[in-house]
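Structure provided below as structure tokens; questions to follow.
Chain IDs A, B, C, D and E follow the sequence of writing; residue 1 opens each chain.
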Amino acid sequence: MGTLKKAEKDIHPMDDLLRMDRIPHIWCPGCGIGTAVTAFAAGLAKAEIDLKKTCIVSGIGCTGRVAGYVKLDSFHTTHGRGIAFATGIQVANPDLKVIVFSGDGDLISIGGNHFIHAARRNVNMLVICINNFIYAMTGGQVAPTTPLATYATTSPFGCVEPPFNIPYLADSSGAVYVARWTALHVRRLTNSIAEALKKPGFSVIEVISPCAMYYSRINRLGDGLDMMKFYHDNTEIRHGEDTKNLDIGFQTKITVGKFVDRERPTYMDSYNKWLSGTKKD
Amino acid sequence: MKTNSKAVMTGTHILIGNEACIEGAFYAGCRFLAAYPIEPAIETIERYLKRSADVGATFIQMEDEISALAAVIGASWTGKKSLTVTSGPGFSNMMEHLGLGVMLETPCVIIDVQRAGPALGIPNRVGQADMMQARWGSHGDYEVITLAPSSPQEMFDFTIKAFNFSEKYRTPVIVISDEYVAHKKEKVIIPLADGIKITPRRYFKGQKDKYLPFKRDKDFVPRMVDIGEGFKFHVTGLTHDDKGYPIMLEECQEYNVHPILWKIRNHVDEIIEFQETGTEDAEIVIVYYGATSEVALKAIKQARDLGIKVGGLKLDVVWPFPDKKIAELAEKVKAFVVPEINYGQIVSEVERCSYGNANVVFLSHGEKGIDNADDLVSAIKLALKEEKIKKGIIEYQNQAGRA
Amino acid sequence: MNPIITAFTNGIKKSGLELSKVVVVSDIPFEPEVIKEIGVDFFHVTRGRAIAFGTGLKLGNPDLKIVAFIGDLMTLGGNHLVHSGRRNMEMLVICVNNFVYKEIAGTLAPSVSPGFSAFSTFERPFNAPHLANSCGAIYTARWTAMHTNELANSIANALDKRGFSVIEVLAPGPNFYKDINQVNYELLDFYYKNSVTKNNVDTRNVEITSEEKIVTGEFTDKEKSPFIDTYNAQLGKILGDKFIPLGGQSGRD
Amino acid sequence: MKANPRDVNSGTYYMDGDVAAGYGALAAGCRFIGGYPITPSTEAAETFARIAPKAGAVFIQMEDELGSIASIMGASWSGVKTMTITSGPGYSLMMEAIGLGAMIEAPFVILNIQRGGPSTGVPTKTGQADMMQARWGSHGDYEVIAIAPDSPQELFDYTIKAFNLAEKYRCPVMIMSDECVGHMSEKVVIPPAEEIEIEPRRFYNGPKEKYLPFKPDKDLVPKMVKAGDGYNLYITGLIHDERGYPIKNQIEKGKSQKLPTRRLVDKIRLNADKIIELAEEGMDDAEVVVVSYGISYRVAIRGIEIARGKGIKVGHLRLITVWPFPDKKINELASKVKAFVVPEINYGQVVFEVERCSHGQANVVLVPHGGAGVHDPDDIAEAIEYAAKEKKKIRKVIEWKTRLEKFVFEGGYKLNK
Amino acid sequence: MAEIRFAGYGGQGIIRSGIIVGKGASIYDNKFSTMNQAFGPEARGGACSSQVLLSDTKVLYPYVTVSDVLVAMSQEGYDMFEPELNDKGILLIDEDLVKTKPTRGKIRSFSIPSTRLAEELGNRVFANVVMLGFFTAVSKLVSKEGMEKAVADSVPERFIEHNLKAFQKGFDYYK
């Protein structure tokens, strides 16, 4: 590490935003997380926000390692508690913009409670949720996003639980900005991230991403490239679609786009309003 | 460090323990509380909220205790001194993040107002059965500092001490109170704002790109910075090097974890505090802390009146345990008597440190009301009668006896 | 007796279920005398874990009918609620919502404060029926505790269904550390008078706000294969004869 | 009672410890596992998920560890044998519910495949630093049983034993294994069902109206019924009487009020002799005794061989059950030997118990290891040698400075080379 | 007592090789064996190793300290584990993938183009089984019959024949 040649280093446009001294990263060939991180870095640059006042929090899992590669004040915390940790940061210092970058198992399974509560409170943060339909770090267990009848190591005879529709869950708990893209839609994802970064309140961007090592292998879906091809052929952009129609089945069509963009007072807005109310008496 | 004058209510007040503890926190500079309400710690939150607007302190009621401590650790990295309050069941839920606080070396304070347990126990009844949990409750190796106040005044003082320790050693510190102390209403004297020394955060002052979040000073404590200052640091709960980057090797595990223990173990003498009462000539020493302090003092007086030479050792700091002090006393005295409102926790530590030099008599106190010294005096008499050193703890049983 | 428990007793009677097969799991304490009178098995577990505990009971013995009472909104147990909804775990959740109206900077707004006197939180409460609906509950309803008959009917209807059902009951007073019997009747009456029943409306529109009346009614009523059926069908398909289905008498001890 | 042949996949296998534990659970009659994936314990869950449906058992992956453990307690009261599977961080999350399990006396087993800690630590490598947590991790007073197997075969055998103990004493039983054992592959012989002894649940058979859920038998353990059998149960995590009814909050001054929680600790403490299982070797003329458990036991054997090669008389005591702790045995040995040497993959946990029980009669030497690997047997051998020579009685745990420590802090070890 | 190390990169079947040797020895040859492997993200794609200890009595200490046999199927694996090889040990390499340093002591070194031979058989995934055949013939630590049974037991039924052919090819390569 640290042996990256100077020439390469000079040409890399994300140098300021990524921790080059940690490259190579741990992600497998064909994984979509790296792409999402690149889009995130580009989105950060595009949003033109104060990077000093921006920090990133991750939980545990493959995507949980993202915080370690992004050159911001970055925190790699416990499993599922990224949002709770970020809530503390945001409320203690409202000037900061916090990004929680983690996986589906982390944010929606063990962290599900923090997810819905932070959305309800409308805490000012951007949640980027990489959804690869499986627990990859631990070796391919069934996740709350695994489609019905899909194989995983802890559902060796097919998954028997319907998956979460993450945008719908975010929407109904109160998120102000909800979008979904795949690892293929790099440019749109970048724009979406840039847009959401400027949006006060709880924003959620779901990124459908291939896991070539486990999800694809267990279900015989080919490699990362095959998955990308699948996304190419089977995604449909429908902005503003009602979030309840966004279910994903096994290899079914995936609707992507920006679904929710609304205004609601953030947690700190309500807090300050309340505080000014109590001060009067 | 100067404290906001509104935060410090200099003067003499009549407060319950829970309120005094919040006053202590404000005095120490605490400006962030994340908690989930639980009996018998509710009054802390109420007090905090009542005063927060004046003090300029933030409160958030989180969805559970797991997230409460996570938020506190996050908030601490923004530069705010942070606090959470809870009781037994909530304390259990915090165990995973106690480990995270240790690993990220984040200063924060946890107030645990103990109640009768296990499980839901009896929410409004006093207990002292989380003592060992405070030391051993999270997975993996770590050391914590735990203070056990015995009065509202001590709730105030020890909370300040806790914040000072947490900043000095960059570690979570636990104030382990109990329902009795937390609800006791007593006189609390709050000194002038600069009357008690407040330990400031140990900030890194060098060049931005030179900052290493886990590079240790000579006393094994690393320096901190705040989020949002442009240091672009990384911290992780994984085993890491000075930079905070994970390295999954046994060498790094040794490099990372052993000093986390050293920073406490090597400063034991600076941390440990206790109060002795009449131990100079004592044949029997009562070892006590928290809620049992009053009754222990009462028993010492009663026993002295009967002509028995009894002394007392009150543990202000319970963890790290005063091994040396106990070992020293063990060589002089005949026996220790340990009253606890549990079925034997700190007493086993006393047994360990007495090295077979003194008997250890345990009294599971509280079943008869914690202000009644009769049992304790009987236990002292029992300890006095025992001529030989017994193997193991001698348990004094009152009439109620075993179930 | 507490109106919720009255409604619950009547609901079970109406549903015609065998009482011994009904198991109540709760994170709110109930007076033992009350439960004994109803005649069901009762478990009082740690805060927030009633639904997870019920999941185990159900999968341990699929013949049981599980009713989970969750108090203090669903703060600690929110995760179990959404996930059980997703699984369509067969149980009825009665969510005792003890929200209160609080004055925030001069305006009256509903808040999630669990009724502590000294501080008023300002956070917006969940639109519980909508959240439950969106994560897959097959039956959702909301009543105030004063809607005794409607609530009883609702409970009977929900108990008839196979799948995850959620009934939100607005009842100021009880929370996890207070007994469910402690109810503020004045507030209860206020809720009742300020409510309007609209059955089958879209759950999106039933949020409790300060501007509009509280919407009560039965909102969701759909059919979906419950967890155990999905499990048996899927594993039966893959494993054939080798599979011993859940709930079948052959396989269980 | 013998195991049900349907549950026992008899045969000779080459499998790792996690997998063996999965087979062991089924053979013991486990019908429900609620789990959540965590390295390095997942293989046990995966195994059970694969083999369970053919035996009428079920695996469910819950949303988190809090849910996992709550669900298995529910299943336990619905009448089936249950287990959950986890590792360090997940184990920490289960702490509150372990207290509930002790309180409502639900028999269940927790398999903890320990890893390097604290916090996230080193997920893929070993540790033994949850030992004290197993005993003290939840708030309030309770007692548990903890077993430390040392090989895949033992993970099979002792998983069955854990279930038996859980049913017998109606308390949480922990299998405190570690990543080394969990991920080590060895020959595992699964015997025929008729050779596997399993403990049936202690069901109540008397008249329904006379049933009291927490009325103990002579051995202080009450009998159980199933939820849904018409007993009108009232089970609470609050402190309760024999009927299960919560005890009123207020302390009545001057009036003696027994708390029934005393029985929760007594039922283990007073039955400790029946529960504790130890293995000893070379104890007759030993000057030094090595006390070890789990993977450290196997590593210590190598260290002992080296020390014996130098003519030192070393005995070896293996704690198969770590909790309840064998106070009497250690005390007895302490009066005979010069010192104890305790190698464990942590910076001192069980060693303090050894120190406590030795009552100053013998020195206690800790050979620590921070995790992510096992001891260098030479360290253990040197510590034994030192312990045999040391004449002074030293009033503290002597922490042996290992090669690893010297290498890292004095030997110029560089991170990120 | 023999300590064996397999080293290569993820996807080469390094861990499976360890399991097959362990199984062959302990189940079919009635010896004792313990197999350990590297876990974690590093096992996917990156460097990867497994270790097997064979003994006539119960294996106590479960890790390789000084290996008697090193099977290296990648340069990185060779570089990392060559130093732990016994002076009198056996070194087996895939000659197309590993360049060796001058041998030290009395190390006996043997090479085989296992990946190339596997490709000739139709798929490079058999490379580890070719190597196992070679290993069996060279080291004689496990019987050929035992190894064949272990190979057959460790692969999906429809691939047994292919694997046994690959095993034989590796076995015959050593003359």
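One rule holds in what follows: contacts are C-beta pairs under 8 Å (C-beta built on N, C-alpha and C of every residue); 3 or more make two chains touch, one makes a residue touch a chain.
Everything quoted here is computed from the prediction, not taken from an experiment.
Q: In the chain contact graph, what is the shortest path length, in steps, from chain B to chain D?
A: So the least number of steps between the two chains is 1.
Q: In this assembly, which chains make contact with chain A and also with chain C?
A: Of all the chains present, those in contact with both chain A and chain C are B, D.
Q: Among the chains, which is located farthest from chain C on the basis of C-alpha centroids?
A: E
Q: Counting only C-beta pairs in contact, which chains form the busiest pair?
A: Counting C-beta pairs in contact for each chain pair, the top pair is B-D.
Q: What is the chain whose Cα centroid lies farthest from the Cα centroid of chain B?
A: Farthest from chain B by mean C-alpha position: E.
Q: How many angstrom between the C-alpha centroids of chain E and chain C?
A: Here chain C and chain E have centroids separated by 59 Å.
Q: Once you find the CA centre of chain D and the CA centre of chain E, what distance in Å lies between them?
A: Taking the mean C-alpha position of each chain, the two centres sit 36 Å apart.
Q: Take the average of all CA coordinates in chain A, do the same for chain D, and state the distance between these two points in whole angstrom.
A: 38
Q: Quick check: what residues of chain A touch more than one other chain, meaning two or more?
A: Only 76, 78, 109-110, 112-113, 117, 137, 144, 157, 271, 278 qualify.
Q: If a residue has to touch 2 or more other chains to count, which residues of chain C qualify?
A: 44, 46, 48, 75-76, 78-79, 83, 123, 231, 235, 239
Q: When you check chain B against every other chain, which residues touch at least two of them?
A: 63-64, 66, 89, 96, 100, 104, 119-120, 123, 236-238, 245, 248
Q: Which part of chain D faces chain B closely enough to touch in the complex?
A: 66, 88-89, 91-93, 95-96, 99-100, 102-104, 114, 116-125, 127, 129-130, 132-133, 135-142, 216, 220, 236-239, 246-247, 249-266, 327-328, 331, 346-349, 352, 355-356, 359-361, 369-373, 395-396, 404-405, 407-409, 413, 415-416
Q: Help me check something: in the complex, which residues belonging to chain B touch chain A?
A: Against chain A, chain B makes touches at 31-32, 34, 53, 58, 60, 62-64, 66-68, 70-80, 82, 96-97, 100, 104, 227-238, 245-246.
Q: In their complex, what parts of chain A are in touch with chain B?
A: Per the stated touch rule, the residues are 19, 22, 52-53, 55, 57, 67-68, 71-78, 81, 83-89, 91-93, 95-96, 113-114, 117, 271, 275, 278-279.
Q: Where on chain B does chain D make contact in their complex?
A: These residues of chain B touch chain D: 66, 88-89, 91-93, 95-96, 98-100, 102-104, 114, 116-127, 129-130, 132-133, 135-142, 236-239, 241-243, 245, 247-258, 260-261, 323, 327, 342-345, 348-349, 351-352, 354-357, 364, 367-370, 372, 389, 391-392, 398-400, 402-403.
Q: In their shared complex, at which residues does chain A touch chain C?
A: Where chain A meets chain C, its residues are 109-113, 116-117, 120-122, 144, 148-149, 157-165, 168-169, 171-174, 244, 267, 270-271, 273-274, 276-278.
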